[in-house]
Amino acid sequence: MTQTTESFSVSVANVRKAYGTTTALDDVSLTVQAGEFLTLLGPSGCGKTTLLNLIAGFVQPDQGSICIDGESVNELPPYRRSIGMVFQHYALFPHMSVADNVGFGLKMHQVPKSEIAVRVKAALEMVRLGQLGERRPRELSGGQQQRIALARALVINPKVVLLDEPFSAIDKNLRAEMQVELKQIQQRLGITTIFVTHDQSEALSLSDRIAVMSNGQIEQLSAPADLYRHPASSFVASFIGDINRFPCVIKARTETTCTVAMADTLLTLPITHPALSIGAAALLFIRPEELTLVPSHSDAANLGTGQVDTHVYQGTHVDVYVRFADARVLRVRHPGWQATSLFALGQAVGVQANLQQAFIFPAR
Amino acid sequence: MTQTTESFSVSVANVRKAYGTTTALDDVSLTVQAGEFLTLLGPSGCGKTTLLNLIAGFVQPDQGSICIDGESVNELPPYRRSIGMVFQHYALFPHMSVADNVGFGLKMHQVPKSEIAVRVKAALEMVRLGQLGERRPRELSGGQQQRIALARALVINPKVVLLDEPFSAIDKNLRAEMQVELKQIQQRLGITTIFVTHDQSEALSLSDRIAVMSNGQIEQLSAPADLYRHPASSFVASFIGDINRFPCVIKARTETTCTVAMADTLLTLPITHPALSIGAAALLFIRPEELTLVPSHSDAANLGTGQVDTHVYQGTHVDVYVRFADARVLRVRHPGWQATSLFALGQAVGVQANLQQAFIFPAR
Amino acid sequence: MDQLLRVMVRVVIALTLCFVALPSLVVIVTAFNDKAILMFPPTGFSLRWFERAITYDDFRRGLMNGFIITAWASSLALVCGTLGAVVIERYRFAGRRWLEAILLSPLVIPHFTLGIAMLILASAMHVERTYSLVVLCHVILVLPFVMRSVYVSLKNIDPALGRAAASLGATPLQCFLRIDLPLLAPGLAGGWLFAAILSFNEFTATLFVTGQRTQTLPVAMYTYVREYADPTMAALSALLIAATVLFLLAANRWLGLARILSIEAGR
Amino acid sequence: MDQLLRVMVRVVIALTLCFVALPSLVVIVTAFNDKAILMFPPTGFSLRWFERAITYDDFRRGLMNGFIITAWASSLALVCGTLGAVVIERYRFAGRRWLEAILLSPLVIPHFTLGIAMLILASAMHVERTYSLVVLCHVILVLPFVMRSVYVSLKNIDPALGRAAASLGATPLQCFLRIDLPLLAPGLAGGWLFAAILSFNEFTATLFVTGQRTQTLPVAMYTYVREYADPTMAALSALLIAATVLFLLAANRWLGLARILSIEAGR
């Protein structure tokens, strides 16, 4: 056992945790490589924060083991685990200056005063707030506070840094900038990072790998592009990115493809899940950017014909919602801004799908 | 005066409001047409919520007049203004059932009991929650509560419905669905709507027109596509959509084009602001999707050559950050997922800009 | 080090608990003594002091007086305290802080002083030591506690609710009656209850403003204790403690203890 | 209709204000009377009752006793109340609600009963009427008020701060000393101050547990009032009111009135 875990920075093995009768984590195992940026992604209540708190030591597992740098930390309290932690609402100490906040961890680790001053200065410069050391946290903006919190967590050179939805309280227009900054610092320091979020676009943009969680279990653990292009379950397909979802029935299948009936249309597409048998109900997923609007009753309209219901303009593209006779609504992405005039509300249009990029999963 | 205001559903003329020494609204005028969906968009503290509260009657203007359906409402208290209002945190009455919440306004307007029951039922069915009438608000999810709040505001047939960041407390994954639903109901009822948000993507997708506000003033009032494609000021360009921004200097200009120097590059592009004189400092804006990565030192690289600094994967596209020798960082949008492998970190690449879609404004 | 601290904390808490609970226990145990002396531990068992406590005339009259005065005082304090809390919480005006300070001042003015002042006032206005005098005195004393309870409940009402009601056509009065009042109800009930307990038990100021006819239970008990030293006092105290505990247990089910004692800390 | 209501509200508030403020004013005015009688309105002006109040030996001794007892009682209550509040707020354990209920019980147990109980206990343990007895009694009485104040302050400390400190290597003790304690300080000061005022003014229970040597100012005042009916009492009360007001005004600058009287409603 020790051999396998030693090569990983953090390893979680068969961890269970229940609160009363609610299972928060159900036999979760996970390994994080040294220097990796791993994200725990899922809706609220999926267990991602519990898992983070278990690694930090704020919560004790009912079962299973947690190792950091190859050593079991099950018996260690949080203050002996050598972790850096960043919280959603910053959790800066309001009665201390920014410099004292950043230096707090060093003081606790009995670093000499002169060295503290040097390291605090370097940490503040790393987050580009070198001139704010004397301020109080409450005088700073949310983005600045979170950068201070990051500096405070990193200055003690932790073995792993844990971030609990650090950007969710920050103004949306500043968030993208903070994300890029975090990623650059993380890459420069090469520090193992575990990041918790419920925001899939944040997870996609930052992570080396993403663990998608649901109901206390890990549904899929993959690199972002794999998750987006090859979701392993209908939950992952629904949760990551925008997607259309339709019930259908399997009519025929070969080794690699299957034919499904959706309303009165027959479609043949690649198989994306092993458990698909003929006659079974299934769910077909296809992303808006894999759909194209074509003239109504065109031969290319392999998904059929409907009426334009709504336009949703987004700057770089327009999402056109097309309503079919059977009340199904499809979201089709059209780049640029012209779709609002090209396809008027109420107009009949055909929808063509790139079925090579469709996903099919058994209906649960 | 009456003639001009009568044709508008809501008209705000020369309104000022100060809190102590802070100016919340500085000579704001605005007209909303009947059936229009108008959004007040801006960062926090820009005055958008104050303006909404002035129209609702919760705040009194220091100066200026407000008309609803051609009649001045300056002297009317909120409960005589015939407005429907939806709040950020739902503001459902916790001690009443859902049906009593929706029926409250009808009761206040002395509608007969039998009619209340019919209209409450219809309103709940409009927001697809017909079966929840007997529940208490706290038993419902955030999305359901906000749909109830919408039904409650609309059931009294107000002259105008005001929405104060109604989706900002709702889970991100549900928000898109709620937005489409709101827009469809609004279009079906043809009701005049004023919507406040700080989320530019929400504003773009829902509005007929958007008033971008900053420091108590309206910076630009246009249709979403105009705002995105023809921003009137550097504030609007920065606030709406993702954009790259660089300082530059005007070297030459004609009637329709100007030539600017940015670092050691000379660029010629269309004029987008009247006040650009030769020798003046200016700001050049260009959107990531108008930039293309080309081989380094290619002739097409009209913005020059830099190194790949970071990839930000977003499912439908990758944003590649390119760092130039002078520390400028450019964000280039590359569709699909392949950019992460096509342009490795540290690799030298050229950047080509579609200068027809660049904006230039005087540096303030 | 940490371990030592943990043990010390436990010891201090255990000692505190002992000392807080001890007096009530001592009184209850003493009440069952069979000798006509206040002595702990008791030397025998008897219920006769309970019998005497229940049948003694002054106590019966004091109990009735106490109920009357308490009911009036708490109810009047509830009305005044609610108005005060609503005005202070909802409106911003010059002198708001002064209004608050004056309404809260009975918390820090000695009951003693209040009693004497009421006495002087009554004699200046040639008023007899009637119920109204006692009620007035108690209203002043319990007002801050009612105000605090209502104030906390008010803070917990989302101000957007009032705006929502107004946008739906409710006048300020309708808004208060249909939205605020129902939502305040538990806070009002808790405030009333706490005020009632305080008023019923008040002794210092009451001593000055009650006459023979209007004396409340604590005053009657004081008079008794100056004449007799038998465990009747203990028996009566035990009965009062039992009644209070039962009362609070019942109220706790409906309102929550934190709300009654106004110790809840906002949302 | 709404207009009428507005007027009524104003009248009730004005009346309430009058009645709350009146007693203190009456006492102060009465103190300046020149006749040796407690009478309102006064018939002449004199400062001699103030002189007597300041020079009367029993009052001087009572004041000193009061300071000693108050200082000890508030400080001990602060330690016990802080521990109690921390344990109740931070840890979830069986019996937590019971611990809370017992620590808060002095709010509803009559001071009268407590005084008698302490008396019985003291005689059972053959303890004299010493300072410790009075201090113990006062600790029990003011404990709930200190607890409330600390409890509210604790609720306002973000629990993430403790976790942040732990992740940075702080042991629970370091965390308490360096994070919790500095953030609690204003709440502790407010709780101590309020407890001190209550303890200093306490009369009912103190009456039973003090002897001639240990009597506090209110007890000395009671003894005086039973012998003399001159305005010395009023003069002393006026001085106490003035001292309290000055004290609170000073404290208000540092802590805020709401915090001292523990009426703030969370964040």
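Per-chain residue numbering starts at 1, and chain names A, B, C and D are given in the order in which the chains are listed.
Rule of thumb we're sticking to: a contact is a pair of C-beta atoms (placed from the backbone, for glycine too) under 8 Å apart; a residue touches a chain by one contact, two chains touch by 3 or more.
Please read all numbers here as calculations on a predicted model, not as lab measurements.
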Shared interface partners, meaning chains that touch subunit B and subunit D: A, C
Length of the line joining the C-alpha centres of subunit A and subunit C, rounded to whole Å: 55
Computed distance of Cα centres, subunit D from subunit C, in Å: 15
Touching two or more other chains - residue numbers and ranges from subunit C: 171
Per-residue overlap in subunit A, given as positions that touch at least 2 other chains: none
Touch-based graph of the chains, sorted into line, ring, star, complete or other: ring
Interchain pairs in contact, sorted by label: A-B, A-D, B-C, C-D
Residues of subunit D that touch subunit A when the two form their complex: 158, 160-161, 163-171, 174, 178-179, 182-183
Subunit D-facing residues of subunit A, complex: 56-58, 77-81, 83-85, 87-89, 91-95, 104-105, 108-109, 149, 152-153, 156, 162
Residues on subunit C engaged by subunit D in the complex (per definition of touch): 1-2, 5, 9, 12-13, 16-17, 19-24, 26-27, 30, 38-41, 79-80, 83-84, 87, 97, 99-114, 116-121, 123-124, 136, 139-140, 143-144, 147-148, 151-152, 155-156, 171-173, 194, 197, 201, 203-204, 218, 221-222, 225, 233-234, 237, 240-241, 244, 248, 257, 261, 263, 265-267
Subunit B residues within the subunit A interface of the complex: 43-44, 171-173, 176, 179-180, 183-184, 187, 198-201, 204-206, 224-225, 228-229, 239-242, 287, 289, 309-310, 312-316, 319, 321, 333, 337, 340
